[in-house]
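Shared between the two complexes below is chain A, which pairs with chain B and chain C, respectively.
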Partner chain A sequence: MNNKTPDSSRQLIQKKLARRYRTEKWFRRLGAMAVLISIAFLGILLVTIVGKGSSAFQQTFVKLDIHFDAEVLDVKNLSRANYPGLVKSNLRSLFPEVKGRRDKKKLYNLVSNGAAFQLQDMVMGDTSIIGRTKSVWVPASDDVDLFFKGKISRDVVESNRRIKDIQLKWIDRLQTENRIEKRLNTTFFTAGDSRDPELAGIRGALSGTILTLIVTLALSFPIGVATAVYLEEFAPKNKWTDIIEVNINNLAAVPSIVFGLLGLAVYINFFGLPRSVPLVGGLVLTLMTLPTIIISGRAALKAVPPSIREAALGIGASRMQMVMHHVLPLAMPGMLTGTIIGMAQALGETAPLLTIGMVAFIVDIPGSFIDPATVMPVQIYLWADSPERAFVEKTSAAIMILLLFLISMNAVAVFLRKKFEKSW
Partner chain B sequence: MSSSLLLIVLLVLTLVGYILGRRRAVAMAGVAGGSATLHSRPAYYGLLTALWCGLPTFVLFLIWQFTEPAIIKGLVVAGLPPEMQKLPANRLGLVFNEIRILTGGSLVSGTRDAVIQAAADHYLHLKNLGSWIRGGTLFVLGLGAISILCSRITTEMRARNRVEKISRMILLFCSTIAIFTTVGIILSVLFEALRFFQTIPLTDFLFGLKWSPQMAIRADQVGSSGAFGAVPVLAGTMMITAIAMSVAVPIGLMAAVYLSEYATKKVRTVAKPLLEILAGIPTVVYGFFAALTVAPFIRESGGLLGLDVSSESAIAAGLVMGIMIIPFVSSLSDDVIHAVPQAMRDASLGLGATHSETIRLVVLPAALPGIVGGVLLAVSRAIGETMIVVMAAGLSANLTANPLKAVTTVTVQIVTLLVGDQEFDSPKTLAAFALGLLLFVVTLILNVIALVVVRKYREQYE
Partner chain C sequence: MMEQTEEIRGEKSETRDWEVVSREDRRTVGIPFVDNPRMTCRNIDVYYGDEQAIQDVSVDIGNNEVLSMIGPSGCGKSTFLRCLNRMNDTIDICRITGEICLDGMDIYGGEIDVVPLRAQIGMVFQKPNPFPKSIYDNVAYGPKIHGLAANKTDLDEIVETSLKKAGLWKEIKDRMDQPGTGLSGGQQQRLCIARAIAVSPEVILMDEPCSALDPIATAHVEDLISELRKQYSIVIVTHSMQQAARVSQRTAYFHLGDLIEVGETERVFTNPRHQLTEDYITGRFG
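What follows is the complex of A and B.
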């Protein structure tokens, strides 16, 4: 026998083994990479949003020394007085050298349209300031705001810049006089929607979201729990029950926009409910979240051991008593977790609300279930579509707040699950 | 009496019913000699009374709420002068709207037609009258139910059994809502779609190569003929879905393999919640991200390579949609991989296969049906996804195979056709329902196949 053969076959095997181990290593790295890539996407997403949105919580204000002229402000007709004129005359007196209509217009554009309304509110709230001079911080216009936050660069050619050279000069002078500064943007949390980015806020959308979610919760939780209890504890094993089960599993996977079509055709067209209201939004979202709540509710009921049921039945409880007094309370934490997750889904849902008209431009803050309203995700969609550049940071800020709500809801769900989870 | 006030009154009445029923039962038991003589515990008598009072009034309240507007409208229209009644339906609707706004007091325009004013007064009167009749009827009904039941309570009455029977009916009713929802979806989408197919033939819709949903307002308008061929829209949907799946399936599957087969417990506890966050981010946020960050990035990097990339390219929307679906694919595959019996892995490893060989040659083939099911579910999700494409994909229906061009999808078209001031019965609006029907049918088929496949697979290893 040649003693070369075993050697070469061992070499062959070793070579092959090395190759197999290399593949093993690469396969493993590939898997790790897939996880890293997904997490990196999440990181990029969050960093972009926070990077774009964090500046929205501050707002640039300009200090004006307004003389509340008794001639302009007629006490008998305060609501119709010329407040914009007050602002304009003050700006003119700050920069007396500005002449010509075009330059004046540029000057007026430094402060927001909201300044006049702010003055009006001040005067209507306290008429005693008429005739006096008071320094007032009014919001700057969106372009000045963007420039002041460094989002418009001086180096850009003037024709491509929203802030012109002459306006730059004025802003610099305001800055040396300490008349312009960044402050906390409370408007963002107290105002409704607006066409002017510096005056727009999320309060309206937030109220709309809360109203819509109240409707959703009030309907989907009891119905979902009842359905889960029926299917898990009472339903006979027959075709009818099978149909219901298949239906629920299917509904969980139906595209959300189809629910919007249903809402439009049934609630609005057939029942004649009003458009754009939280009531209809809540009804549509109820149908969407029901499958989630039912499926998690059934899982929670399944987790309750049969011994509990048998013990209850053994001491003479009826089936209904067994479920209501023993099984349901034990399954409740799991059901609540599922409900919170369903609510979080409803909170982020946009598409079905578009078709039932919750995309309207609504300035007023909704106070009831049948007031026209919009919700946070739709507000984000509307702002993202707005041409003004300043809405980018507002959109991102609104997204930050929406994500904050979502993450805290999920955290509560995880906490509930951890706290009340029982291993039997 | 306003609706909310009436609801509160009815709730209080129900509560009163509970207390009265319970009291009555206790009193009867006292006469008969102690609570042990009662068939059920006193609370059940109270509950029964409350259910008798609360259920019918509440159901009637809902029915009233839904039918009242139509009845009042009919009565007001009947009270209008005959020449107004003969107006076409949409004009009549406008007149009625004016009447309603007038009653709200928010119409400030100077000229007020005396007829309209009279009708508005009539409307207000009817509404007022209706709310009082409603309040009175429901209150009397509830009170009557309470008194009838209280007079019937005896110690022998099987209150618990009756309450349980009613509760079971309520539970059964709740569980049928899922069926009502499906039926509602099918009926609403189907009916509107059928109306659409009366104007546009089904074959034109399914096989037409041009999509331009314009309808003429005047007969002689330029470009008055709309084209409702769904092929370009479907092609766009398919392309974006394909791009999304080519991102989501490899990454999601590999992530699932890594997390379930290789990762240490520590890595898993960190990575899994992070993936869940990725799954929980609202789609509108992904849409914003796609439109504002990814699309410009792709356009610029395409520009560096000398490619002409549209600013609403299919690839940007598809890519971000893929990212959105990664956690979906990975969690479904994770479940499926976990269901593969450990014995199969042990056998393969025992024969000397490396870990990756075991995964590639044993675990994945065994898990394949389940993975396919999961991928089908993911495809159905990608097809139905709306916000990302509404914000990042285009509106014009191009029939192209170039992923750098703008294409449109079914969901985008539904949203654009419905968000606006169209009349409800114009073909333009109805086209949205035809697309909705298409979407529903396609996703339904995918879901059913996927659910059946996954269920079969689970049974195989259980």
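What follows is the complex of A and C.
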């Protein structure tokens, strides 16, 4: 049968060997190149986003010495008092030379609308302040902020510049008096959305995202795992289960907007659940993530060696005991991987949430599953769509937060997987 | 048709005592049936899909008896053994016809629950398959799910005696909490034996339990088999004819899905009545 002598065999092997190594070398180079390219793109993405977004974590503030005038602040009617007036009169006293309505308006525009709200909060929080004078750092307006961060240049012709020459003069004077500086932008982390970029924060969207994902996880993980276990371990293998399998695989590829429309029709129009709430968002995203979890769960169950099943059945474990004690723990890491992929998809999903109204402009931070809310990707979309230039950096900053969220989610998944992982 | 075969197998084979049956004849020769059997198998056919793996096998397993099954690789020994505790139920494409009874009860009958059945008929698999759990949990699992131990001390004792019987205790008594999968192949096999006997089965099916063991461990397992035989019935698949000769009272020779010859072990090895059996035990097979 084999007419090769050991000697000629060895020569043949030697001849082939060089080629085998060459192929391997090429394959390794190709792989390394692919990795390099992806790293390069990832690098570009991160650099641009961090470059654009990091400035959003600082904000320009102006120091005003506010006299909390007892005449303006009627203790009986504090919520109606003229807080903007306090800010304006203070600005006028800082720059007494400013006359004329248009110039005064420009002067008032140096600080944000938020300054008045800030004063109101201070007074309502501590009425003993009334009658005294206090230095308060209030946020500057978005244009001043941009100028201060170097995003508006002095060299541009005045008519093309959002900060006019006269305002530049005032800013310079504030600077020499140490009345203007950049500080940590806590508003960004504590506030909801706002029409004013300097007052807008990611907190509302972040809470919305967390609430939505909690609903999604709480529903899709148990349902997905149970479905995968049932289909893989208990369901009879017949025409019906084949049809179900095909359908689940198809569902995984259905465009997410379709799930949004389905959610709108079923949850909102039929069941009458409120619009724009995390509960409905979570329900819609559950529909979307379920196929992913089921498919990966079944793959994980299939990967459990049959010898383990036989071992369990062989000493008289019931099917349920076999699954619960042996198969499921071994499949858990794979199921968690699938779940986290599904959750990451859900985290980044925008389209299906638009149809159920989670795109509304919502200032309040949602505190429950049935408060109107929006989510991070939608917030990013809204900000990216806003005309104010100051929203550019907010958009990038929001993307950074989203990425951080994703990374921490994956870190938890890796940790859980390591914990559950066992060799066999 | 069936009655006719029965007749040929049961009685006519006896009359052919001195004449060796030719290779072409695939009917069972020897004494497949015993008085007062523990398990009876009648006309067993096993199919994997359209492939038939076992053809019309009838044999008894006696009380306090070790029956060894020998035969070339792929002849269906494991397949037949797995029918005896319905392990083949787990293979979707596997189909079994015929009747297998334990103490007169058809184990494939509608009213039979496989869960207690498999506790009653224990199995040691051809490939060692410990759970990816600690050594202790491996052995304790069976008694736990069947509620055989009243308390922790009870359970500890069951685990210890089982491991001792399987000849593994000395090696691992200090590392009971380490994973069973971290043991060597032979140790894993003995762990599986300990796991099987921990639920005190009445019939034990062993599929090449010693194929990965050294002579010392093998001797230990063989002692165990002889010990267990006093109370239980044992079916053992083995490729070692010496082992079959040492431990078993009766030997069955399988060939390509047919049960060719069954009989007293000594008689089968010294005076085979079928040409195929003789070929195999004298090493002329293949």
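The rule we apply is simple: the second predicted complex is superposed on the first by the 368 of 424 C-alpha atoms of A that agree within 3 Å, B and C clash if a C-alpha of one lies under 4 Å from a C-alpha of the other, contacts with A are read in each partner's own complex, and residues count from 1 in each chain.
Here is the rule we use: contacts are C-beta pairs under 8 Å (C-beta built on N, C-alpha and C of every residue); 3 or more make two chains touch, one makes a residue touch a chain.
Note that the structure is a prediction, hence the values are computed from the model and not measured.
Once the two complexes are laid over each other on the shared chain, residue contacts for A:H326 go to chain C alone; chain B is not touched. When both complexes are overlaid on chain A, the residue A:S318 reaches chain B and chain C alike.
Of the two partner chains placed around the shared chain by superposition, chain C is the only one that A:S307 touches, whereas chain B remains out of contact. Of the two partner chains, neither chain B nor chain C is touched by A:W137. If you count the residues of chain A touched by chain B and by chain C, you find the higher number for B.
Contact with chain B, but none with chain C, is seen for A:A34 once the two complexes are overlaid on the shared chain. With the contact threshold set out at the top, residues 318 of chain A are in contact with chain B in one structure and with chain C in the other. Remark: chain A residues 20-21, 23-24, 27-28, 30-35, 37-39, 41-42, 44-45, 48-49, 52, 222-223, 226-227, 229-231, 234-235, 243-244, 246-251, 253-262, 264-266, 269-272, 287, 290-291, 294, 318-320, 344, 347-351, 354-355, 359, 377-378, 380-381, 384-385, 392, 395-396, 399, 402-403, 406-407, 410 touch chain B in the complex.
Against chain C, in their complex, chain A makes its touches with residues 237, 305-318, 321, 325-326, 330, 422-424. Taken together, the chain C residues at the contact with chain A in this complex read 85, 87, 90, 92, 115-120, 122-123, 125, 127, 129-132, 141-142, 145-146, 179, 181, 192, 195-196, 198-199.
By the touch criterion stated above, chain B contacts chain A in their complex at residues 66, 69-70, 160, 163-164, 167-168, 170-172, 174-179, 181-182, 184-185, 188-189, 191-192, 250-255, 257-259, 261-263, 267, 271, 274-278, 280-289, 291-293, 323, 326-327, 330, 354-357, 359-360, 377, 380-381, 383-387, 390-391, 411, 414-415, 418-419, 424, 432-433, 436, 439-440, 443-444, 447-448, 450-451.
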